Every structure is written in structure tokens, then in C-alpha cells.
Amino acid sequence: MVENNNLKIKMQAENMDLYYGNFKALEGINMPIYEKQVTALIGPSGSGKSTFLKTLNRMNDLVEGCRIEGKITLDGKSIFDRDMNLNTLRKNVGMVFQQPNPFPMSIYDNVAYGPRTHGIRDKNELDEIVETSLRGAAIWDEVKDDLNKNGMAISGGQQQRVCIARALAVKPDILLMDEPTSALDPISTLKVEELVQQLRDDYTIAIVTHNMQQAARVSDYTGFFYADPETGPGRSHIIEFGETDQIFNNPTNTQTADYVAGRFG
Amino acid sequence: MSKVLRGFTYFFAAVTFAALVWIIGYVLVSGVPHLTADLFSWKYSTDNVSMMPSIITTIYVIGGSLLLAIPFGVFAGFYLVEYAGKNNKWVEGIRIATDTLTGVPSIVFGLFGMLAFVTAAGFQYSLISGILTSAIMVLPLIIRNTEEALMSVKDNLRQASFGLGAGKLRTIFRIVLPIAMPGILSGIILAVGRIVGETAALMYTLGTSTSLPNSIFSSGRTLALHMFVLSSEGFHRDQANATGVILLLVVLVINGLSTWLSQRFTKGGQN
Amino acid sequence: MKQNNMLETVMKYVFMLAAFTSILALLAICYFIFARGLPFMADYGFGQFLFGSKWQPAQEIFGLAPMLIGSLYVTLIAFVLGVPTGVFAAMFMAFYCPPKLHKVLKPAMNLMSGIPSIVFGYFGLQVLVPVIRTFSRSLGIASNGMSIMTAGIILAIMILPTIITMSESSLRAVPKTYYNASVGLGADHDRTSYVIMMPAARSGIFSSIILGIGRAVGETMAVIMVAGNQAIFPRGLFQGARTMTANIILEMAYATGTHQSALIATGAVLFVIILIINGIFAYVKRTGVNY
């Protein structure tokens, strides 16, 4: 495991296990998420990378029977602490989903939903936040004349960028992206990838992707998740974590090398 | 063989719709000629068996029943879909109770209402007895329609809302409810239709008084009851026919509304 | 934030309480019906009550058998007339009806399911009763037209929408691939529809029939207007009878004491029969195939 001492750790998983009922889906996860870096989570289907991502903003709380052991910290404090407010956590750790899921309201209302939820009512303030967020998602120019248009009446790629704007509008520190481009066409995919690179200056990003080229293009650090079929189903763990360059060009583990070379998954 | 089957198919379909046309035709033909303005006068008298008081009473009963059934029914739907776990024993029990209530015949509701409200609670034949009975009668209808409407809302919208840090209440009221609204309204309208057509459950709870109820404890009669009493008394056949026309018209409008609403259902955000 | 959490918790319990009213209502109904119905039946004797052939409240004789038979015959006729009509009509709606016509007929079906029972009853009284009267007299049977046959016909018409809408849904839910496979083998439309598609939808169709029977058994208003209501065993198809539902509603207004208890007991028996029918319905629906 490579840990860079010049970078600050924003979130960290320590010896985390995740169970669905009696089924152990994740085992012994140890991984840092460095501040203002893009961390990619890669691995074959079913290797638990999305599951891990969803733990970081406690979206797994919504899944019945899901149990977590071990520690996950944000800025050094456990996210499962009793006095950690769930809604505040999710405000600080934002999420973009695989399928674009804009609300059936206007683009403006979509982006303003988050800030309104957290108490911002002043129209001028909201206007400003909406514009900033849409700019931040590189879609302002395309929709600025049409903010009242229904969020579902635009193309898939545009919907996803509106969803990113929506997530940015609550000013999170961290942005979790769960295969954000797998439902998009190649051009929209490139646009989102460029966006991720731009956002890195201001946000910490963790991105799950099953597209290795994307991971290589876009991320600074990569974690490789894998469930060894020989140890039975589930019990995914991190085979290797390190700087993206190193993982892809010089992996220490044979399984990593095989996956990265496309020999399975 | 195929020819026989095909023949039966067309024959029985024709029979079905012929029966419908015949019934509607009969009601209209026998009733419309007798729809006089008099029948809508405010006061009922034995000479002029005006249906106005009964129309107003019907509105009272509908209003009162919905006032009770909607909050209980919609909130119950919220709990069942948005809060309760999937394998919760209580949820099973509530579902079974709701399904059972759906199948209870009106006369049993009427019997229950009479025993519970008219007698035991001492309300006598009154609006309140009728309202309480009707509310319980349409409760399962509203619960089931609300449930279906809520379940049809795509889950990823809820997820998006939670992901932005919104709590459950906000997610339900701001995101889920607006999308589910047409379906919920459709259920409410069906409930109205049920109450309008109801006789057996109201006869011995609301009563059949001919006057306009002036308080929640006084009796009256709904349009359906009015038609029944007129018909069984035998003196006012024409007026009974006319009442039937109005009843049918109301049902037509209610059904139309409900259908139109469920078509608006397919407008983004549903599964 | 703290205030928010309290509101969230409070509302969760408000919603939960609302959900429990279903159970509460059902329990209340069971209580009132059985609290007087069961003791009466125990006192009078379950056998005497259920199999007694005379219903004469004035003499404190309460035999329910004539009404049980009345309900049975009326429902049976509704079943025999309504089920084939309904199922064939549903097949029409699902597989034979041109789309433009369907746009008209489907709302028509919905309308039919909303027509109040007294309108049906009234139609039965004014139109069907004279017809049956004339018809039976032409067969040499003395009848005034108010009979189990008349009631059966009206009930059959009333349960048609129930059977048709549910059966049509089930038929349409059968995957098109079955149809294509059959036609691809050279079977014609009729054969495919009846031999392949209809059996595939059978659990939905059975469910709809059971639901229809439940509604027929529970119907009151339409029946009391056309069935004659004599509390005796029906002497023929064109003679009058009384159903359990009619029994309750006709005498409820003036019954007191034991008489009233007997009527409540009638309600209890009706309730149990409906519960059984609903139970069968739920079972068939649950064990049916879901595509």
C-alpha cells in the first residue's frame, strides 16, 4: 500500500467489513481517499466497489439488513458517530448515480432542491448558486436560456451533468460518482471525464468505474476490488491500492496485472 | 372448432355491451322526460319529491367521509411504502386486514355501523353514523390506490433526494407525492363513486329522513337512498326514474375524471 | 436540525398509527358482528340455526337454511350465466377487439363497474321482471316475475365488469412470445388465443371469477328488488326466494331482542362465507404465475 505523506487524507476506511444479513460482501477494507485527488475504484462486476462507495455517504443505511463493522472516518471523525447528523454528512459527501435521475421539475428547481433543503430561501442567493453549480458542471451555456425546462426533457448526457450540478449545489467537500458515464454516449462520456478533471481542483472525488481506460485517464489513485471465487462468494477486498500510474503500468499483484490487462472481468 | 370459439367470443361480447347499452338507455329514456326543475327545488314535500335535499346530503356524506378517510388512508399508504420494511410482520397483517376489508359486503358495513354508531355510540340515524360507516368502507380503497401510486415512483429519485441530504419527510412530500398525486386522486375519486352509489351501508346508519340534515346528528338521505325509497314506495315511479338519470350522470362524470387522471399518470418519474 | 429529527420521528409514528386503523376497523367489525351473533347461535343451536327450514321471527323460529339456499341458487345462476359471458367477452377485449373500438369499450367497462346497485335493481324491477313474468307464463309456470332467475340474471350482469377487467389484464399480461411461437407453428388466431393464451392467464381469470362470486354473494339492493324475498325454499327457477343479505336488510329496521340477534347472526354467517371466498381468492392470486 502506498501512502503519500504530502497529501491530506480526507476519508479513510479502516478494517471495514460489510454484511448483508449473514452474507459478508466486503472484508478488511483499508483505504484512504486523499483530499483534492481523484480516486478510482475498479474491479469486475460484483466486486463490491459500488457497495463500498455507498458506505461513504451512508446510503447503505437504506438497505435492509446491511451491517458494517470497522471504521470509516471523515476528517478523522467516524461517520457512524452518534452525533454525526446523517443529512449533514450527505450534504458534505455528495453523490452522482449511474443512471441520471433528475427530478421531474425544472432544471432550476433540480439544482436548487439541495440548497433549499438545507435552508437557503433567498431568491438571489439561489440564483447565484444555480448558476455557479451549472457552470461548475460545464453545462451552464447549454441551458442558461432554458432553466425552466423540465429536467427530464434533455438528453442523457445533459441530464447527468445537471445531476452533477445538483450535487455541487450543496457545496460538498467530497463527490462520490458511481459509474457516472456507463449510461452515456461516448461524447457525453468525454465531457464528464473532462469535468472530473476540472472539479479536482476544488473537490475530493471518488469514482467507481468498470472502464479501465477511464480510470487510467481520469484518476490519481486507484483501488482494485476483487472477490476471489476460491474463497467463496462475497468477501471482496482490496487487492491493491496506489497511484494510478503504478497500478496500471507496474502493478505489484498478479491479479491486478491480469485485470488491468483485460484478462478477466 | 375455431369458428365456434370465435362465434362465442363475438356473441358474448355483444351480449355484455348490449346489456350495458340497454340499462343506460332505459334509465335515460325513462328518466329524462321527467327531469323537471321542480325536482331540484330546495324543499322536499310529499307532492314534490325534490331530490335537492338528497343531493346536498350526499355531498355532506362524501365530504365528511373523505375528511376522515383521506388522511388515514394516505398516511397509511406512506407508512406501508416509505417506512415499513419489506418483511415486517405488521405490514403483512395490515395488508391482510386491508384486503379483507375490501371484500366486506355493504350490508355487513351497514349492520356494523348500525350496531356501533347508531346504537352503541348513541348517535342514532344521523350524518355522523353514515359518515363514519362510509369512511371505514372506502378506507381500504384509498390505502390500496395510494400504495400503488407511491410504489410506481422510481426509487432512484428517492435515492437522489437522500443523497443530497434531504430527510424522509421532505423526500416524500417534495419528490414522491407530486409524482404519485394523480394515482392517489384517482383512488379518492373512486371512493367518491362508491359512496354515491351506496345504499345498504347507509340505510340504517344515515337513515332515510326526507329533510335536509341541519346538524351532524340529524338524519337525511343520499341520492341513491332517495331513489330506492321512491321506488319501493311505489307512488313516484317517474321521479324515481329521473333520480336514476342524475345518479348515472354523476357516476359518468366520476368515472371520466378517474380515467383521465390515471392517464395523466404516465408523465415522468414513474416505473 | 434537532427539531427536524423530532418532526421526522413524530410523523413516522403518525403514519404508523394511520396504517393500524385498518386492523382496528376490521377488529371492530368482527367484534360487533360476532359479539352478538355467536352467543345467539350457541344458544339457539348452530345446527338449528344453519339447517332450520323455517324463518318465522314472530314465533321466535330462526332457521337460516331457506336463505342459504336462496343465496346459493342466485349465486349459482349468476355464475353459470356470468362466467362464460365474462370470460369470452374478456377474450374479445384482449385478442379480438380492434384498437379504436377498445378505446371506447374499455371506458364503457369502467363505467359499468361504477353503476350503483340500485340502478341495476331498478332496471331489473322495471324491465326484467315483466319479461320473466311473461316468459315463464308462456311456459305454463305461474310466476309474478320476481324470482331467483331474475336475480341471477341481474347479478350476472353486475359481476361482468369485475370478471372482464381483471381477466383482460391477465390475458394481456401473457407474454407475446407465447402467441408468436404458436402462430409460428401454423396455428390460427382462435386456436392460439384459446389453447395457448387463455390457459396461461388462468390464475388471473380464476381470481376474477372468485372475486365476482364474492360480490354476487354480498349483493343486497339489486337482489331485494327482484327476487321476491319470501323466506322459504324456492319452489322453482321462476319462483321467489330470499338471500342472506336480503334477510338482514328487510327486517333490520324493526327487529329487536332475539330477532335482532338472529339477524346479526345472519350477518356473521355471511361474513364468514365472504372471508372464506376472499381467502381462496388471495390464495389463487398468490400461487398464480407472475410474468
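Each chain gets a letter, A, B and C, in the order it is written, and its residues are counted from 1.
Here is the rule we use: a contact is a pair of C-beta atoms (placed from the backbone, for glycine too) under 8 Å apart; a residue touches a chain by one contact, two chains touch by 3 or more.
Remember, predicted model here, so these are calculated numbers, not experimental data.
Taking the mean Cα position of each chain as its centre, A sits at the greatest distance from subunit C.
The central chain of the assembly on a C-alpha centroid basis is B. Counting C-beta pairs in contact, the pair that comes out ahead of the other among B-C and A-B is B-C. Between subunit A and subunit C, the centres computed from C-alpha atoms are 55 Å apart. Look at where the CA atoms of subunit B average out and do the same for subunit C: the two points lie 18 Å apart.
Annotation: 48 Å between the Cα-based centres of subunit A and subunit B. Taken residue by residue, subunit C touches two or more other chains at 4, whereas all remaining positions touch fewer. Multi-chain contact residues, meaning those touching two or more other chains, occur in subunit A at positions 87-88.
Multi-chain contact residues, meaning those touching two or more other chains, occur in subunit B at positions 167.
On the subunit B side of its complex with subunit A, the touching residues are 85-87, 154, 156-157, 159-167, 170, 174-175, 178-179, 267-269. Of all the residues in subunit A, the ones that touch subunit B in their complex are 57, 59, 62, 64, 87-91, 94-95, 97, 99, 101-104, 113-114, 117-118, 150, 152, 163, 166-167, 170. For subunit B in complex with subunit C, the residues that touch the partner chain are 1-3, 5-6, 8-13, 15-17, 19-20, 22-23, 26-27, 30, 71-73, 75-76, 78-80, 82-84, 90, 93-94, 96-101, 103-112, 114-116, 120, 136, 139-140, 143, 167-169, 193, 196-200, 203-204, 224, 227-228, 231-232, 240, 244, 247-248, 251-252, 254-256, 258-259.
Note for the complex: subunit C touches subunit B at residues 4, 7-8, 11-12, 14-16, 18-23, 25-26, 28-29, 32-33, 36, 84-86, 88-89, 91-93, 96-97, 105, 107-108, 110-112, 114-123, 125-127, 157, 160, 164, 188, 190-191, 193-194, 211, 214-215, 217-221, 225, 245, 248-249, 252-253, 263-264, 267, 270-271, 274-275, 277-278, 281-282.
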